[in-house]
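Think of it as A, B, C and D in the order they're written, each chain with its own count starting at 1.
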Amino acid sequence: MNSIELQQNWEDDGLHEECGVFGMYDLDGNDVASSIYYGLFALQHRGQESCGISVSDTFGPRKVDLLKGMGLVNEVFNSENLSKLHGNIGVGHVRYSTAGESIPSNAQPLVINYVKGTLMLAHNGNLINANELRDELAYTGAIFQTTIDSEVIAYLVARERINAKTAQEAVTNAMKKLKGAYALVISSPRKLIGARDPFGFKPLCIGKRDNAYILASETCALDTIGAEFVRDVLPGEVVTIDKDGIKSDTSMCLPKAKEARCVFEYIYFARPDSNFDGVSVYHSRIMAGRFLAMDSPVEADVVVGVPESGNAAAMGYAMESGIPYGTAFVKNSYVGRTFIKPQQKSRESSVRIKLNVLKEAVCGKRVIMIDDSIVRGTTSDRIVQMLKDAGATEVHVRISSPPFLYECYFGTDIPSRDQLIAHNRTIEEINEIIGADSLGYLRVERLKEIAGGLGICTGCFDEKYPMEPPKEDIRGEYIK
Amino acid sequence: MNSIELQQNWEDDGLHEECGVFGMYDLDGNDVASSIYYGLFALQHRGQESCGISVSDTFGPRKVDLLKGMGLVNEVFNSENLSKLHGNIGVGHVRYSTAGESIPSNAQPLVINYVKGTLMLAHNGNLINANELRDELAYTGAIFQTTIDSEVIAYLVARERINAKTAQEAVTNAMKKLKGAYALVISSPRKLIGARDPFGFKPLCIGKRDNAYILASETCALDTIGAEFVRDVLPGEVVTIDKDGIKSDTSMCLPKAKEARCVFEYIYFARPDSNFDGVSVYHSRIMAGRFLAMDSPVEADVVVGVPESGNAAAMGYAMESGIPYGTAFVKNSYVGRTFIKPQQKSRESSVRIKLNVLKEAVCGKRVIMIDDSIVRGTTSDRIVQMLKDAGATEVHVRISSPPFLYECYFGTDIPSRDQLIAHNRTIEEINEIIGADSLGYLRVERLKEIAGGLGICTGCFDEKYPMEPPKEDIRGEYIK
Amino acid sequence: MNSIELQQNWEDDGLHEECGVFGMYDLDGNDVASSIYYGLFALQHRGQESCGISVSDTFGPRKVDLLKGMGLVNEVFNSENLSKLHGNIGVGHVRYSTAGESIPSNAQPLVINYVKGTLMLAHNGNLINANELRDELAYTGAIFQTTIDSEVIAYLVARERINAKTAQEAVTNAMKKLKGAYALVISSPRKLIGARDPFGFKPLCIGKRDNAYILASETCALDTIGAEFVRDVLPGEVVTIDKDGIKSDTSMCLPKAKEARCVFEYIYFARPDSNFDGVSVYHSRIMAGRFLAMDSPVEADVVVGVPESGNAAAMGYAMESGIPYGTAFVKNSYVGRTFIKPQQKSRESSVRIKLNVLKEAVCGKRVIMIDDSIVRGTTSDRIVQMLKDAGATEVHVRISSPPFLYECYFGTDIPSRDQLIAHNRTIEEINEIIGADSLGYLRVERLKEIAGGLGICTGCFDEKYPMEPPKEDIRGEYIK
Amino acid sequence: MNSIELQQNWEDDGLHEECGVFGMYDLDGNDVASSIYYGLFALQHRGQESCGISVSDTFGPRKVDLLKGMGLVNEVFNSENLSKLHGNIGVGHVRYSTAGESIPSNAQPLVINYVKGTLMLAHNGNLINANELRDELAYTGAIFQTTIDSEVIAYLVARERINAKTAQEAVTNAMKKLKGAYALVISSPRKLIGARDPFGFKPLCIGKRDNAYILASETCALDTIGAEFVRDVLPGEVVTIDKDGIKSDTSMCLPKAKEARCVFEYIYFARPDSNFDGVSVYHSRIMAGRFLAMDSPVEADVVVGVPESGNAAAMGYAMESGIPYGTAFVKNSYVGRTFIKPQQKSRESSVRIKLNVLKEAVCGKRVIMIDDSIVRGTTSDRIVQMLKDAGATEVHVRISSPPFLYECYFGTDIPSRDQLIAHNRTIEEINEIIGADSLGYLRVERLKEIAGGLGICTGCFDEKYPMEPPKEDIRGEYIK
């Protein structure tokens, strides 16, 4: 009955986030809220903490309807409240925050009134100069009501808009001040604008259904609503969609060689049925598995994946090695956000509640187990043990990414170095911890190949960031 | 489980609001959230739509805990969430919005981060130049996320703070730009600031309990938490409370003759156990009844009040006239915000569900019925009829305020003129509509007397506003 | 989203309850759920813990729609769920449980399927032989799913119905086994039945609106829905309403001299605008005040009531004594079930949060304060002190009922003797505890007079119960 | 805040249900509620509508704590309410109702007070003589408050208990009157009892962890809580667990040849990591796929399963045929109970929102698609079309069960014949409807083989029911 908000001020909150964005403009004037809902539904894996939809009617008065809240899209939205969101242009967002406060006021989209009217804004990514920008803005009188980077971006656009001829120009000018990773969907009363940072960290694509245009983080959202894929927004590009179609501003684009996509979109974040910049996520995972088979071969009876994201790489490993693919795990699909974690002293364990082993599939066999990554290493040892308990005679672990060694400043939530199992450890030492018979990682050199030769960021593996990371002392304050 | 927010942009929303504010600073460092809760509880009659509490610890790091939501204070707050609000300085707010959208993002207090840190702000009143100020601010890059005047005030304070020496100076400088009615409670990390507009439209008082200071809309909130009344904040005064006690800035104060309190605080809004600027609300209602008896006498057997606000005036009428006071109505105290209104065709009526007549008290008697006001006149005829149905031989209606004829621009929600029953009608014509045997209103001349001789605003009765009201064309846009 | 039920078995639960019942049968076939809702709304003061409505269509198939839940009627019911309850015959209930478990499965009405179809049953009262009846039933194979007496009554009716010619006969035969206080509203698929225990402890009246009949605990519920009062159900009478009108079975009625109404319906429980067995509740309270003035006179300047139930008696005292009636207290009408009680060590007190004194009304005056009862005496001393703090020079307390000395076995929740302030204390000793200048109680002899000469139960004042109370050892087990 | 219950009487409700049961008795006295919670979590796939847990302390007073509600186990239970359920013996239940009313009062376990104390009862299955039993019971005075068979069983046990020496004997005697499918978990204050109908329609197994015994519908629940599998309860067996261990009563067991397990437990209902009566569910699905490859071979490039239940059979088909196994579909794992279904006219479709095709995996390929069953056939055509849209050159559908032709009376919710796609149609006609290039079903003869040679029920495929089904006219009334 009541909407309750527990909020703390932004000085205590420097969240690294992974999000999904969606925008839609139906030139024929049909309501878009319901399609945005289904689009967010397809992007739910990108953020389960909060979500929101804002819409406006390009043929009507310049008003915006906004509905956002904490929870999954099917928890926040229902037939009744969705039916109250009228308009043929709109923006949607799903958000995930990995640490600290998760508060309603930080939900997106952000809807603001500014000098030229109203803006809706949804943002995926992480700015590395957000604090500097906040300080600069504050010294000219800005006030901040949230802790999200989107508010900083909104301010910059609003200030640039005072002198810019068009909203697109204001966005481009604002982008000149932004450092970091971002995919943006912005709606002014009569235009839908999409923008991607020059390095292309975060994905954004364009779709079309009848006379409606769509912007979305992933192509799977286009499939879900029955739209056709048009093209990806280029790294650094600003696209503007209005009644005259798509306009492009590529003035901020960098040479292709400098592009630096987050490779984890391919390895882990994205849905396998999505394509980014021409490369199929599913295919890139199959390739990762093939490379593992080439680079870390081992004799075995069956290749299995840790569900869900390990399955495609396992299939690739099986194809390349000729060892049969199998299913070793049953995942309890009801484990969700509100699941009660067992207490330390309890006989139940979180891993066993989520996963169970199919004994028939592994008993008496030498098993190659493929997982997408090892971060802290806290569950890998238990999964290996479960396979052995079920009768596997050998367990060989293969990881479809290189070892994590360094921080990410561009939107992926990676713990600090000392919590990373691979930090200051050899592969043999890691293998000893997880108790496998052998352990192999994907080689960093293979990453560009699985991404179809596109420019990628490998900072978390080799500390080669595409732009200067924030200084140590700043980062200390920045990561709360 | 989910906090859901349905929001529309401010251009569609020009709410006239009545609110209650409360601030507290415990110099000894004790938590204040629980006392703010009880204070808001005592002020609940001033706003039932939303409420909020924000607190900070003057001895700790500069962080703010904020909890706000839609609903009554005992719906939004519970032992669990209240216990998480730690801090010895804080601000609370209850809000009522009379028309259009009532949305979570408009709930107060507003907590902002600005150039000098963090501000919490709670506001009661209505600015008449809010739109102009928004436009001015927008042209220098401000963005607005709510439709409330408090956001405008926060911006002004934030901008003045850049050059001001103290927060108090910034508040005073911001006040120079504000036109309209306001009582403000603002907390900076180490100071509690109270301010009242120069005309004194809205009340604000200072209390003390042990080593803690309180600012509150009404003195009844002081009684409830066991605090002593110190004094009223003067119209135009800015008071600053810090570890050195109370400081006062009276530079914005006007000559007493120009003060223009809203007389409806005495007649209707406030709790009868409150005192404003030295005048007891209960006493002023008794006086209104006495004046009615003097100016509109009639022979009768019993004087009754329409509960609750008519009772004190009825007692005053009884005292002055010598006619016995009686109780004629039983009110169903469970009728609340979520009550299902009967449909037009239903045999039940809203009035009868809320009120029932005590037949024994009125049967066979000539009744004088005192009510505080008639706005649209839609229920008065039914109540008169209920008395007659119960056997009253005559029903004489006396109203403890003058007829409403004009708009209020200063925070009282009065419908437009054509919806006011008194507009373009004589008292005889009104009486015919409500079906009483006679009708009398309080004379405008009596208002100053019931307010103890203090300066009051009588604009809604005689169109004599203390400051130029917004121009007709502006108002057309301003009242949505 | 979820309906959650926390239930314990009945052996741990011996609740003394006060409830309200309502039944309606519209012979023309109109839906009755909405009128039952408004009727329960008028009876809400009789029970705030849970409520329910069940309806059936006498012209349709023999199915019942039931909606019940924990909370107030406007919390459990809303336009949407109410609109799904279709039928022209139905039963409603509001329930209050004073101790121990309050659980959803104990909410009423009870809807059962039995040998002759379906019964809906709502019950107000308390059986003193419920445990014996449960045991008897269990020994012939009954199973119990709730802890309420209504389930026992339903069983008895169901078993009698096997051999009885009519439902009315089954009810009458079941009543022969029931000992204690009860007002029953039962609906079979085609009949509405009302019954009152032979002593008439609990009230029940008959109303009519157009071609619809109503049974209700209090006449105020008839007023609320615009129905006319027809007559009271007699103590011991069973009335059956069907398409042929009202039939009466008075075979269980006792001589008038044996009737034993609960006098607390007049003093405290009922709404003042109700009438029971021909006596106005308001009038009986006025009379209680008059008798207090006669029997316990004292010189004073003003007579005030403790709201709400003390007000009528205060007015009676004022009339009789000639001392002016005044208002001394302002009650916070937002204090409800979910109010957070202040902690012991807190500076706030529950009494001061609920009540505040109007200083103007009592300062410098000798005050007579009328309250309806003193049970444990834990708040009286605080209220007296508040009056003195506000400047009252003397405070004389008068109580409009005699001192509580004994248990009630018939549905009124009275603590055990050792918790009653009057137990083993003289009036002087009590007065010393509450700190008043004098104290007076209504004399037991006056009770019959204030109840218009009707037969009443005075067991809690003089231990003269109308029937043998449960034996000591049984009561020990029975009161959990 | 409120527990709301919308209930209709049982005459309108003849639900076929599939449920999961769980019981636990810790002889050492440790609380079992948390383990029951995790056990229900593992059984969640057997019922998502409502759930409940009841517990009692065998060392303490004979009281029962019960918590049940509508929703998933992680919606109904949370750390707070779970921590209030104290006791070392208890029963849990998850429930699924496939049609009509789903109401809180029908949630299980049922907790009753009867002649010998308290019983908790959880039941999976469907009685075919429930209506007759209800009528018989009603004629001797029983009343029914729910529409579930469990209430009938509870009555029978309660009545038999009057003359029986032990609870086990009462259960055995009650079973003599039950016709149909049931797995029962019953807890008396000091004993945990499990029972399975003589045909063994529904599974039930025994587990042990330290000094605690478990009864569960599936072995996966044992794995989840870290318990060891002891053995299955035999068809017709009653087991009693108390401080002396497990006692068995096999007096109701039938010859093995008459056993009639529901084969759909193997094909569809159960989790693949469970074993029933010695046969692995996963293995039986692999076998179904192998048999399909033998009996309905076809040339193709890839074999894919419709997730989740088609995957194992697809793997079996791939093994047998030598055609590679692949993954063709991505399932949106966030589609849950509260998902908003697209409207008919909407461009979105439910199937596309739930499933998306991996184009890379099927484009240009001849695809064999394995599904577990076709009931109404409303989604199969869309999935086939999705594969073709993604570029599959041929789509051959293979179903790992025979065609559904007849009703099930024993707990599986199958629509009436005229809604079954296979009713009155040849396989060619069905294939035409779903638009595949070929269609093959599992042969009925293969069913016994995939169930490891155990006795199974094949009634829904060949109308050979293990016991006389209810007569036509009775069924008409019985299925509402």
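Everything below uses one rule, namely that a residue touches a chain if its C-beta (ideal position, glycine included) is under 8 Å from a C-beta of that chain, and two chains touch if they have at least 3 such contacts.
For reference, the UniProt names are A, B, C, D = Amidophosphoribosyltransferase.
Small disclaimer: the values here were computed from a predicted structure and weren't measured.
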Legend entry - chain C omitted: connectivity of the other chains: one piece
Legend entry - Whole-Å gap between the CA centroids of chain B and chain C: 37
Inset, instruction - Would you kindly tell me how far, in whole Å, the mean C-alpha position of chain C lies from that of chain A? - result: 60
Legend entry - Per-residue multi-chain contacts in chain B, two or more chains: 1, 75, 338
Inset, instruction - Make each chain a node and each touching pair an edge, then name the shape: line, ring, star, complete, other. - result: ring
Legend entry - Each pair of chains that touches, named by its two labels: A-B, A-D, B-C, C-D
Inset, instruction - Could you please specify the touching residues of chain B with respect to chain C in the complex? - result: 1, 34-35, 37-38, 41-42, 44-45, 72-75, 77-79, 82, 209-210, 220, 223-226, 271-273, 280, 282-283, 286, 308, 311-312, 315, 319, 324-327, 330, 332-336, 338-340, 342, 346-349, 352-353, 356-361
Legend entry - Touching residues (chain side chain B, partner chain A) in the complex: 1-12, 52, 61-71, 75-76, 81, 84, 104-105, 107, 110-115, 118-119, 134, 138-145, 151, 154-155, 158-159, 162, 338
